[in-house]
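Should a chain be cited, it is by its letter among A, B and C, assigned in written order, with residues numbered from 1 in that chain.
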Amino acid sequence: MELPGVLKQRRNQYALACLFLVVLLILWKPSVLIYGVQRAGLYAAIAIPMALVLGVVGILNIAHGDFMMIGAYLAYWGNVLYGVDPLVAMIPVFVVMFVVGAVTYKTTIKKVLDAPEFSQLLLTFGLAMILEQLANLLWTSQPRKLHVDYASTSATIGPYSFGVFEFANAAIALLILITLVLFLSRTRTGQAALAVGQNPRGARLVGIDVERSYLLLFSLSIAIVSAIGGLFLVRHSIFPLVGGSYTMRSFALIAMAGIGNLPGILYCSLALGVAESLIISFKGYGGWADIVFFAFILLVILIRSYRERLT
Amino acid sequence: MYATLALSWDMMFRSGQPGLSVAGFFGLGGYAAALSFLYWGVNPLVSIALGCLFSLLVAFILGLVILRIRGLYFSIATMSLSEIFRVIVMNWHRFTGGPSGKALPSAVFNGDSAKIFWLFLVLTLLTVIVSEIFERSRVHFALTSIRNNEIVAKSSGIDVFKYLVVVFALTSALQGMIGGAYAHSYAFISPEGSFNFNFVLLPVTMALFGGIHSTLGPIVGAVILGVVGEYLKLQLPYGHLLVYGVIIVIVILFLPKGIVGTAKERLKRKWATI
Amino acid sequence: MKLKYSTRVLTLILSMLMVAGCATTPAKPTEAPTATPTEAAPIKVGLIAALGDVSGINGQNGALLAEKEINAAGGVLGRPLKVIVVDDEMTPEKGAAAVDKLATVDNVDAFVINSFSGVHMAQIPALKKYGKVTIVTGAASHLCEEAIGEDADWYFHLHSWDYMQGEGQKAAWQAFAEKYPDIMFKSVFMAYEEGAFGTASYQFSQKLFEDIATLSGESFKSAAMGGGDYSAVLEHAKAENPDCFTWVGYAADALPILEQAKSINFAPKFFVGAPPGWPPDFGESPLAEGVIAYEVWADALTEVSDISKSFYDGYVEMFGSGPDNYLAPLVYSAIHILVEGMERAGTIETEALIAALEQTEYKAPTMEVITFSPSKIISHQAPLTPMLTQYQGGKLEVIYPWDRATSELIYPFPAWEGR
C-alpha cells in the first residue's frame, strides 16, 4: 500500500483531470457516469477481497468468483425457504462462508503455500471446478433470480429516469475498502497481517503468527466475496458458471492497479466502468466494450513496466 | 491435441513466464487456416502451415512489445491479447463471419477420423521434436537461467529478450498450427469455439499435472487426464467433472511435482537406497 | 542418462498412441449386420445431449419417457428399445467423439442429437462418415444446414433453422394483424445477445420484418456470457420509442432486463422475449405480467390437447415436475417418430427406414403435426411454428395459433407503476 503523501502532487493533477472529465460527462452523457459508477462498484466490490488474498497470502484464487456464486445461491435459498431478504442474508452468508473459507484454507491452501505459483493456481482452479460442478449437480444450470421490489427502484430527474439500486454496489465497495484499510492500518491483527504480506519471514522473526494471519485473511476474503453474492442476487440471475467471468475481471483489475494496492482497484474499476459505459452508450458499438477493457489493462501494464525500466 | 498445447505452453513456461495466450493463438491459427482455405482455396494442409506462420508472425511482433513484462502481469497481458483477438474476430463480420463463424465445405481428408488422428499425431511429434531440440540446445540453458535469475542471466551475457521473443513466437506458432488442424478436422470455426478459455485452462492443467519443465511431463499429464476424463464420463454421466476437479486438487496436494516429477524422484530415491 | 530415460518413456507412449490409432481405424463397418439379431437384442438409439445444461437434461428426460412408453407397449419390431445417452460436454471435440463412440462401440441403429449449433458443426463430418439415420432436435444455425448439404438424405431436422424462426414469428404476427388490425405494431426494436444465436436472429429478422414494420436493433452481452448490463441498449430503445421491444438472449437475461426496463421506466406496447428457455420462477415475478414469448411448448397446452396432457402427466410422474423447456417434448417426439418409422418400414435398415420416415405424420405434444419436407438445402425438415404466448397472472398462456389459444392477448403491456 502506498503512502498518500508521496504522490501528493501528481495525485492532485490526476484528480483535476478526473474532475474535468466528470463535468464533461455530466454535461454530455449523464447516463454514462451513472451506469459507469454502478458497474465499477460491482467490479471493485468483487476484486477487492481477491486483491487482499493475492497481496497478503500471495495466492491467486481462481475460485474467487465461484465463492460469490455459492454465496448467492445460499442467499437465494435463504429467501426461498425462509423468506430472508437477500441483503439481510449477506450477514449469515458472511459467517457461514468465513468458516468454509477457514476449512478450505486448512485443508488445501495451507499445504501449497510453499509450492510454486502455478501449483497454487492449479489448486484453486480445481476448487473452482468442484464448486461449479457441485452447484450444477445440486441446482442445475437453470438460471435463478429472485424478485425483490427494490431491485428496480428508480429516480427521475426531469425527463430522465434511471435505476438507483446499483449505487448500493458502489456504496458497498467503498464500505469494504474503508473497513479493510482501517482494519489493516489501525488494528493490531490487521497491522500484523500487512506485515506478513510485505515480508513473511521478517514478520515471523518479530513474533507474528503468520499462519494465523493467512488463515484470517483468506477466510475473510471468502466471507466478503460470498456475502457480495447476496447483493449480486438482487440484480442478476445466478447460475453455476456465473462467477467465472468475475474472477477474470477481478484478476485483470488487480493487475492494472498493481498487486497490493487496494485503493487503486477502486480507481481502476471506476475508470474501466465509465469507459465501458461510454463505449456501449454509442449505439452499435457495444461489441467493442471488451476490447476497451482489455486494451486499457494491457496499456496500463505496459506503461508501468516500461516506466519501471526507465527508473 | 491437448498434449501439444500443454507442451507448447510448458516450453514458454520454462523461461518462468506464465503465458495465457494459448487460446488466442490457437484461435488465430484456426482462423488463418480456415479463411485462407475458404477464400483463396489453399490446400488444407498448406493452410494449416499458413495458420502456423501467421501465429508466428503475430506472436513475434506482439512479443517484441509485451515480453518486457514479467510474471503475473505477463499472464494478464497475454490473456488480454487473446480476448482482444476474439473481440476483433467477432466484430469483423464480413471477413470472419462474425459471432456465427464460418463453415468449411468439407473437413480435411473428408472427415476420415483415422487420418485426422494421424495428422494430430504427426503434429504432436513435431512439437515433441521441437521441445526436445530446445531441451538439448543452448536455448534450454538460456531459458533455465532466465527462470532462475534473470539478472544473473543478463549479466552473464545472455540476450534475455531475444530468447524470450523467439520462444514466444515459436510456441505460439505451434499453438496456431494445432488451431488450424482443429478447424479443419471439424470443418468450422467460430469465436466461441476457437477462442475458448478451455484451451488455456486444460493444457495448463495437464502440464502441471504431468510435471512442468520437461517434454515428458505435459505429454503424460495430457494422456492421463484425457483417459481419466473419458473413463469418468463412462462411469458417472453427471458428476464426472466434479471428480475431475477433486483429482486435480488431490494431485496438487499429494504429488506437488506432478506425476512425472514425483515418479522420477521416487525412482531416484530407490536407486539411492540400492 | 536422465534424458535417455525420458526419451524412452516418451517413445513408449507415442508408440502406444500409434497402436491405439490403428485400433480405432474402423475395420470397415463390421461386415453385414452382425449376424441376425436375436429376439432379445435391443434396438439402440444414441442420444447426444449437453447433460451439464438444463436443455440436455430435459432432452434426456424426454427420451427416457418415450423409451419407457415404447417398451411398455411392446417395444419396436418385437425388440426392446434402448436409448444410450452420451454427454457432449458442450464442447465440439467431445460432441464429435460422442458420435464416434456411439457408432463404433455401441453400434447404435440411429442417432438423436440434441447438441447446440457450435457442437453440432463438429459432429457433422463424423455423422456423414457413418450415414446412419439421424434426427436432430437442436442446432438452429443455418451454417449447420450448409455443412450438411443437400445429399444427406439420412438427416432429419426437427428443430427449426434460425431463418425459419423469424418466418414463423412473422407469420404469427401477420395472422394477428388480420384479426386485430388496430393494435398491430409499426416499429420494432430488437436487443440481441452478441453471440451467434442473437446475431443470426437479428440478421434474419431484419430481412423479414421489412414489409410489416421498421426494425432497428443493437447487441448486448448476455448475462450467460459474463455480461448482464442492459442499460445502454434499453436507453437506446427508449429513445427510439418503438411499439414493440424484442430481446433475444438467454434465460439468465429474462428478469434482469425487465428490472432495468422498469427502473428507466421503459414500457413499450409489446414487450417480447425470445430466449431458448425461460427461468422456472419467471412467472412468479410481478414484472413478468404481459411479457410475450415465442414458444414451442407451454404447460397450458395440456388444457387444449390430450396428447400434450398425456405427455405432461407422464413426464411429471417420471421426473417429479413438468418439463423446463421445449426440448423435452421435442426429443420425446424424435424417439417416437423414429420408432414409428421403424415399425412402418418393418426393418431398421437405413434406406427403408428413410423412406418410412418420409411418410411421417406424427401428432406431437407441441400440437404440431410433424411431417418432413425440404427446407432451403436439406430434404427433411419438420415444421415448427412458434406460438405466441404471454405471461398472464403468473402463467404462460397461449395466444396464437387460435386453435391452441388458452387466453386472449393483454394489450398494451401494462405500465410499471404499482408492480
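Criterion: a contact is a pair of C-beta atoms (placed from the backbone, for glycine too) under 8 Å apart; a residue touches a chain by one contact, two chains touch by 3 or more.
Nothing here was measured: the structure is a model prediction, and the numbers come from that model.
Participant: Kindly list the shared contact partners of subunit A and subunit C, in label order.
Facilitator: Shared contacts of subunit A and subunit C: B.
Participant: Taking each chain's centre as the mean of its CA atoms, which one is most distant from subunit A?
Facilitator: Greatest centre separation from subunit A goes to chain C.
Participant: So how far apart, in whole Å, are subunit A and subunit C when each is placed at the average of its C-alpha atoms?
Facilitator: Averaging C-alpha atoms per chain gives centres 37 Å apart.
Participant: Taking each chain's centre as the mean of its CA atoms, how far is subunit A from subunit B in angstrom?
Facilitator: Distance between chain centres, rounded to whole Å: 30 Å.
Participant: I'd like to verify one number: the distance from the centre of subunit B to the centre of subunit C, where each centre is the average of its C-alpha atoms, in whole angstrom.
Facilitator: Here subunit B and subunit C have centroids separated by 34 Å.
Participant: Would you pick out the residues of subunit C that each touch at least 2 other chains?
Facilitator: 52, 194
Participant: Of all residues in subunit B, which are in touch with two or more distinct other chains?
Facilitator: 90, 238, 241
Participant: Would you pick out the residues of subunit A that each touch at least 2 other chains?
Facilitator: Counting only residues that touch two or more other chains, subunit A contributes 248, 287, 290.
Participant: Enumerate the contact residues on subunit C facing subunit B in the complex.
Facilitator: Against subunit B, the touching part of subunit C is residues 3, 6-7, 9-10, 13-14, 17-18, 21, 24-26, 51-52, 85, 87, 89, 91-93, 96, 100, 118, 121-122, 124-126, 128-129, 141, 143-144, 146-147, 194-196, 198-200.
Participant: Contact residues on subunit B for subunit A in the complex?
Facilitator: Subunit B reaches subunit A through residues 13, 18, 65-66, 68-70, 72-73, 76-77, 79-81, 83-84, 86-88, 90-91, 201, 204-205, 208-209, 212, 238-239, 241-242, 244-249, 252-253, 256.
Participant: Taking the touch rule as given, give the residues of subunit C at its contact with subunit A in the complex, in rising order.
Facilitator: Those residues of subunit C that touch subunit A are 52-54, 57, 194, 218-221, 223-226, 228-229, 231-233, 235-236, 250-256, 258-260, 262-265, 279-282, 284-287, 324, 416.
Participant: Note which residues of subunit A are touching subunit B in the complex, please.
Facilitator: 60, 108, 111-112, 115, 117-119, 121-123, 125-130, 133-134, 137, 248, 251-252, 255, 259, 287-288, 290-291, 293-295, 297-298, 301-302, 304-306, 309
Participant: Taking the touch rule as given, give the residues of subunit B at its contact with subunit C in the complex, in rising order.
Facilitator: Against subunit C, the touching part of subunit B is residues 1, 90, 98-104, 106-107, 110-114, 117-118, 121, 124-125, 128, 132, 135-136, 182, 185-188, 190, 192-193, 196, 198, 214-216, 219-220, 223, 233, 237-238, 241.
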